[in-house]
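Listed below are the structures to be examined.
In what comes next, chain A is part of two complexes: it sits with chain B in the first one and with chain C in the second one.
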Partner chain A sequence: MTGVNFYRVRRTLGVWIPVIVLMFVVIAPFYWIFTGSIKAPQEIIQRVPTLFPQSFTLQHYDKLFSSSDFPQYLLNSTIVAALTMIVTLLLATPAAYSLYRLRFPGRDLIFKVILVTYAFPGILLLIPLYTMLTHIHLVDTLWALVIINVTFASPFAVWLMEAFFKAVPHELEEAAALDGADRATILARVMLPLIAPGLGSIAIYAFITSWTEYMFASVVIISDVNRTVPVGLAGIIGQYQVDWGLLLAGATITTLPVLMLFALVGRHFVEGLTAGAVK
Partner chain B sequence: MRQTGKVKTMRTGWNSQALLGYLLVAPLLLWLAGTILYPLMAAINLSFQNVGIIGTGGQYIGLENYSKVLGSGKFWDAFKRSLVWVIGNGLFQTVAAFATALILKQRFSGRGIARVWVILSWIVPTVVVVIIWRWMLGTSGGIVNYLLVALGITPEPVAFFGSPNTAMISVMLINSWRWFPLMAVILLASMQNIPQELYEAAAVDGASPFQRFLNVTLPGLQPVLFVMGLVGTLWSFNVFDVIWLLTGGGPSSGTTTLPVYIYEMAFKKYRLSRAAAASVLVGLFLLLFAVLFIRFMAPKGEEEGE
Partner chain C sequence: MRAKAGAFTIALIIGMLFMAWGPVSAQEDVVEIVFWHMEQPPHRVERIQQLIDEFNEAHPNIHVSQEPQNWAEIYAKAPAAVAAGNAPDLLFAIPDFTPIIRQVGAVQPVDDFVAEMDEAHGFFPSAVEPYTYDGHVWAVPLWNMAHSLWYHVDMFEEAGIEPPETWDEWLAAVEALTDEEAGVYGIGLPANRHLYTDQTVYDFMINAGAFELYNEDGTLRFDNPDTVEALDFYSQLYQYSPPDSPNWTWGEAEACFVSRTCAMILQFTVIKSYEDQGEGDPENLGVIPIPHAADLEESGTIAYPNAVMLLTDDPDKQEAAYEWLRFLLEPENYGRFLNMEPGLFLPVTEDGSEAESYWSDPLVVEYEAQIRVMLENSQNGMLFGFTGGNIFPSIAQISAQNLLAQTLQRVVIDGEAPADAVAWGQEQMIEAIEAAEE
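Showing the complex of A and B:
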C-alpha cells in the first residue's frame, strides 16, 4: 500500500512536474500574448497584470485590419510564402529523388555540396545578394524575397526528404517496372503517394522560413506596400509610443497560419527533421 | 532468379539513370550557384572597391577595406561579442536541450503530442518571439518584472536591456528559448536509437542512472553531437534578427555581434564595400573554425561506407 503511494509520488515528482514545467516554458508565453491581445487597453497597461482577462475586446484586431497596413503586409507575406513553397517543392523534390534513389558518379559530392549550403550563414550573403538583386532590378519586389527564401529553404528541404525517400522499398518500384510501368508512371503512381508526408514537411519548412524572414526583407524591400509581416510589425515595435494591444494582436495573427500548418503536418515534419539528423 | 533480374535492369538502366540523376539535381544546383556561389564571388570583388551606397560607382582600392576593418577596434569588439554569443548560446541550449530530451524520453500519456508541439517556439516568426519577450520583460507592466518584485526577488523592476551585460544575457536566453526545442527533439531521436540492451547491460553491472548517462548515452550521441556542434555553431553565429529587433545592437554596442556589425556598416553607415570586406573576413574565420572542428572533433572509428 505505502509502496504504491511512494511509486505514485515519485512518478509525479519525476515525470509530471518536469513535463509540466517544460510545456509551461514553451507554451505560456503564447498564452500571454493571446490573452493580452483581447484585453482592453487599460487592462493591458495596468500595473498588476491579470492572469485571466477581466475585459474582452476585439478593438485591437479591428484597428489592425481597418486602420493599419497590416492586411497588405499579410497579403505580401502570404504571396511570398506560397511562391517560396511552390518553387522549393519544384527544386528540392526532384533533387532529393535523384540523390536518394538513383546512383550516378559524383552523387556523393553533390550531396556534400548541398549539405554545406544548408549550414551556410546567410549574413555572408546579405550584401552580395542585395547588390545582385539591385543589378537585375528585382529590389523592392516580392520576387526578390522568393529568390532569397528558396535559397535558404531548399538545401534543408532536400535533407528533410531523406527519411521519406529511404522508407520506400526498392522492390515496390521494381515490381511496378515488371508490370510494364514506365518511370514517369512509377513516379506518379507509386512514389508520389508514399512521399506525400515528406512533401508536406518540405512545404511547411519553406513556409516557415519565408514567413519568419526579416533580415533580407528589411533591406530588399523599400516601399511600404511591398513590406512583409515581420518588417511591418518591426516598424510598429520601433515607434516611440508602442501600441501593445495592436502589436499583440499582430503577433497572434502572425502565429496562426504557422499553428494551422503545423497542426496538419507537424508530426511528419518532426519525424523528417529527426530522422535525417539521427542517421 | 530475382536477384539476376535485378542486376540486369540495374545494368541496362545505368546510363539513363545517371542522365536522369544529373537532370533532376541540375535545377537546384544551378539555383544555388546563382544565389550563393556567384554572390560570394561578387562580394570578394566588391570588397576591393570603395562603393559606399548601392548604385554609386566605385574604384578598385586594393586591400584598403581589409586593413581598415582589421585595424578597427569595433570589428574586434564585435568579434569578441560573437564569440561570447556563440559560447553562451551553446551552453544554454545544450543544458536545456539535454534536460528536455531526458524529460520527453520518459513514458507519460500525451508524450506524442508533447514531442511535436515542444518545437513551437522554433517555428514561430522571430518577430513574434521578439514581441513576446519585449512585452514580458518590460519594466512597466511586464509580467516577469511584476513577479520578480511581488515575490521579493528583486526590490525594483529590472531593466533587462538596460546595460550591455544584462542585455547580452537576456538576448542569449531569448534566442536559446527559441532554439533549444529543436536541439532537444534531435537529441531525443538520437537517444532512442541507442540499443536498449546497452542500458540493460549497464544496469546489470550496477551502473547508476548518472553513470549510464555518462557511459552509454553520451558515447551513443557522439555523432549527432558533432553535427549539432558544427551546424549549431554556424546557425547561432548567424543570428541577426532577434538581436537587432530586441536591442538594435545596443546599449552602447553591447550586443553588436559580427552580423549586426556587418548590417550596420552596409545599411546604416552606407559603406557597402567595407561591409563586404568584413563579410569575407568573417567567412574565412568560419571556414577556419569548421575545418578545425572537423579535424579535431569528428567522431573516431566505425567509418562505415555507404
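Showing the complex of A and C:
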C-alpha cells in the first residue's frame, strides 16, 4: 500500500467509523422500539432478547387504536403542537425583528427579560399558572397548553433568530424603504424570504417542545378527551402491570410526526442552529 | 358564493350553540358528580364506564362522570385543583395521599356513611384503619392490594425444594435456584429510588418485626435492630437479583418473573401478565406469604387499602355521591368493579369477598387458588405510618422522598453497613418532617 493510499484509507475510516457509531447510537433505540412493537408479547420480554423479530404481530397497534383513546391524544397533540408552532412564529418573528433591527429605548432590557423567562424553571410556575388559567376558564382546554407552550418556546425562538436577522444587510431594508415600503412590508416581503431557515428552525423547535411537553399537560388537562400523547400514553400503559407491547407501539407512533417534520424541514433546523457559529 | 358559505357557517355555529345550551337547561335538576380515579389503563376505564352507565340509567336525577388521572401527577394536580376551586366531588386515595388533600382543607368526613356500609357489607377493619384518625374516617375503602411472594412451581420441583416459610429457607431457596450462566436468578428485588422499593423494603421490615416506624408519641423508631436485620437480609438476597434490578419498578420485576428470568418476586399480582405474556399455566404459578425471620411466628405484608375521598361540601352532591358508592359496594356490582383488573384488586368487604360477581370472572376462575392466597395474605397487611391504631400524617413526607428506598440503596449499592444506613435514614426522616413543618 502506498503512502497516499494508506492516508486515504485512514482518512476515510476516520470519517466513517465515528459516523457509523453515531448512527448506531441514534438509530438503535428507534430500531429496538419499532421491532419490539411488532413482536409477540412473549418475545418482547423473553430472557434472551432477539435482535431480529422471531414473530410478527400488529396486535399492539390494534389495541392501541381500538381499545384506547390514543387516536384522540394524537389529534390533541397535533392541534396543540401546530397551534404552538404557528403562534410562536407569529410572535417571535416580529419580536426578533424589532429587537435586532430597530432601535428604541429599553431594547436591551427587553432582550434580557426575554432571556430570563427562558431560563426560568417551569415547575415554579405550575401552581400560579394553574390558578390563573382557572380564573380565565382555560383549565382543561387545549388553548391553555398552547399558551403555556408558546410562553416557553418564544424566548428561545427570539434568541435563535438573532443570527438570521443580523446576517441580512441593512442596505436591503433601506432600499425597500426608499421604494416606499413600511416596516410590516419590509418584514414580510424582504426579511422573511431571507430568514426562511430560521423560521424553519423555530417552527420545528416549537413543535417538538409542544409535542413532548409533559408537566403542564399532566396538570392542566383534566379530562381524557383533552389529553395529549405524552400524558395519555403514560396512563394507558399501566402502573403495576405494564403492557410492554402497547408501550412500544405508542412510542413508535409518537415519534412519527416528529420524524416527518424533520424530514420536511430538518435541514433548516440544522442550518438554524449552526447559523452564526462561524463568522 | 363566499357570502352564502359564510352565512351558513355562522348559522351552523349559532345552531350548535343552541343545541349545546338546550340539554344543559333541560338537565338543571340533575346532580352532577365528577370523580377522579387513577385507574387509567383503557380496560379499567371501560369497566368503570359500564358501571357508571348502569348507575346513571337507574338514577335519572344523578349524573356521574369519571375523569381518569395518573398517580404520577395527582400529588401536584389535586391540591392545585382544590386551590383553584375546580376539585372533583370524589377523589380516589391511598392512605398517604389523604393527609395531603386534608391539609388543603378539602376532605369531608365520611364516618356515618362508612358505618352504614360496614353494617351492610362488613368492612375488613384493616381497610378502614388507615383512614381513621383525628376523630373521623376520611375515606371510604374500595379495595385492597397486598404483596405476596410469587414463584415458578416447576423451578422449585426441579430443584427439589419446598416453598420457603422462614428467611433461612428463603435464602437457601434463592441460592439453589440461581444459575447466572443460564440467566436465571433466584429472586428479583428492586433497589430503585421508587415506591416499589419502599414497598419491598417494608415487606422485609414487617417480617423482621420492624413494622412500626413511629413510637406512640410520634417520634421515629426506624433506627432499631429489627430494621437493621431487615436491610441486612435484603442485601443477602439482593446479590442473587438480576444486575439491572437497581432500576426496576413494578413492571420490570413482573417482566423478569413472567419471562422466567426470576424464580421469585414480591409483587401485588402477576396474574394478568403471566396469562397474557407468559406461560399462562395456573398450575405452575405459585404464591405464598412472604417468609419471615426465625423469631416471628407469622408472615406479614405491605397492603394498600385504596379508598375514595369525598371532597364536595354540597349536601345534594354528597348524597348523590353516597348513592353512587352504595351502588358500587353492592355485591352484584362490586365484583365487576374490582375485576376491572382481575387478580389485582382485592375485596375489602365480607360480602364482597364472597360475591359471585367477583369469583365468576373467567380469569379469577382460572386463578382462584392464587387469589384466595392473596386475599388471605392481605388480612395480615399493614402500611408504614398507618399501624397500631396510630396515624402520623408526616409519613407523607417520608413517602414523598422514598426514604426507605434511599436507605436501602446505601446498603446494596454503596456497600454501607446496614446499621449506619438505618441511622442515616432516620436522620433524613427527621429532617424531612421538620422541613415540612417549617
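Definition applied: the second predicted complex is superposed on the first by the 235 of 279 C-alpha atoms of A that agree within 3 Å, B and C clash if a C-alpha of one lies under 4 Å from a C-alpha of the other, contacts with A are read in each partner's own complex, and residues count from 1 in each chain.
Note that contacts are C-beta pairs under 8 Å (C-beta built on N, C-alpha and C of every residue); 3 or more make two chains touch, one makes a residue touch a chain.
Small disclaimer: the values here were computed from a predicted structure and weren't measured.
Upon superposition of the two complexes on chain A, a steric clash is found between chain B and chain C.
By the touch criterion defined above, A:234 lies against chain B and chain C together after alignment on the C-alpha atoms of chain A. Looking at the shared chain after the overlay, A:126 reaches both chain B and chain C.
Contact comparison for chain A: of chain B and chain C, B touches the greater number of residues. Touch criterion not met for A:100: it reaches neither chain B nor chain C. With both structures placed on the common chain, the touch criterion links A:46 to chain B and to chain C. Look at A:219: by the touch rule set out above, it reaches both chain B and chain C. When the two structures are aligned on the shared chain, A:159 is found in touch with neither chain B nor chain C. Of the two partner chains placed by the overlay, only chain B lies in contact with A:25; chain C stays clear of it. Look at A:69: by the touch rule set out above, it reaches chain C but stays clear of chain B. Of 151-159, 223-231 or 277-285, the segment of chain B running into chain C after the two structures are fitted on chain A is 151-159. Across the two superposed structures, the residue set of chain A contacted by chain B and also by chain C is 44-48, 126-127, 130-131, 134, 215, 219, 234, 237, 244.
By the touch rule above, chain C contacts chain A in their complex via residues 36, 38, 40-43, 45-46, 67-73, 76-77, 80-81, 83-86, 145, 183-184, 250-252, 254-255, 258-261, 267-269, 272-273, 276-278, 341, 344.
Across the interface of their complex, chain A is touched by residues 6, 9, 14, 17-18, 20-25, 27-29, 31-32, 35-36, 38-40, 42-43, 46, 54-55, 99-100, 103-104, 106-108, 111-112, 114-121, 123-128, 130-136, 140-141, 143, 146, 177, 181-182, 185-186, 188-190, 193, 224, 227-228, 230-231, 234-235, 237-238, 240-241, 244-245, 258-259, 262-263, 266-267, 272, 275-276, 279, 282-283, 286 of chain B. Put simply, chain A touches chain B in their complex at residues 14-16, 18-19, 22-23, 25-27, 29-30, 32-33, 36, 44-49, 90-92, 94-95, 97-99, 102-105, 107, 110, 113-114, 117-132, 134, 147-148, 150-151, 154-155, 158, 174, 177, 183, 208, 211-212, 214-215, 219, 229-230, 233-234, 237, 244, 247-248, 250-251, 254-255, 258, 262, 266-267, 270, 273-275, 277-278.
Within the complex, the chain A residues that touch chain C are 41-42, 44-48, 67-69, 126-127, 130-131, 134-135, 139, 215, 218-219, 222-224, 231, 234-244.
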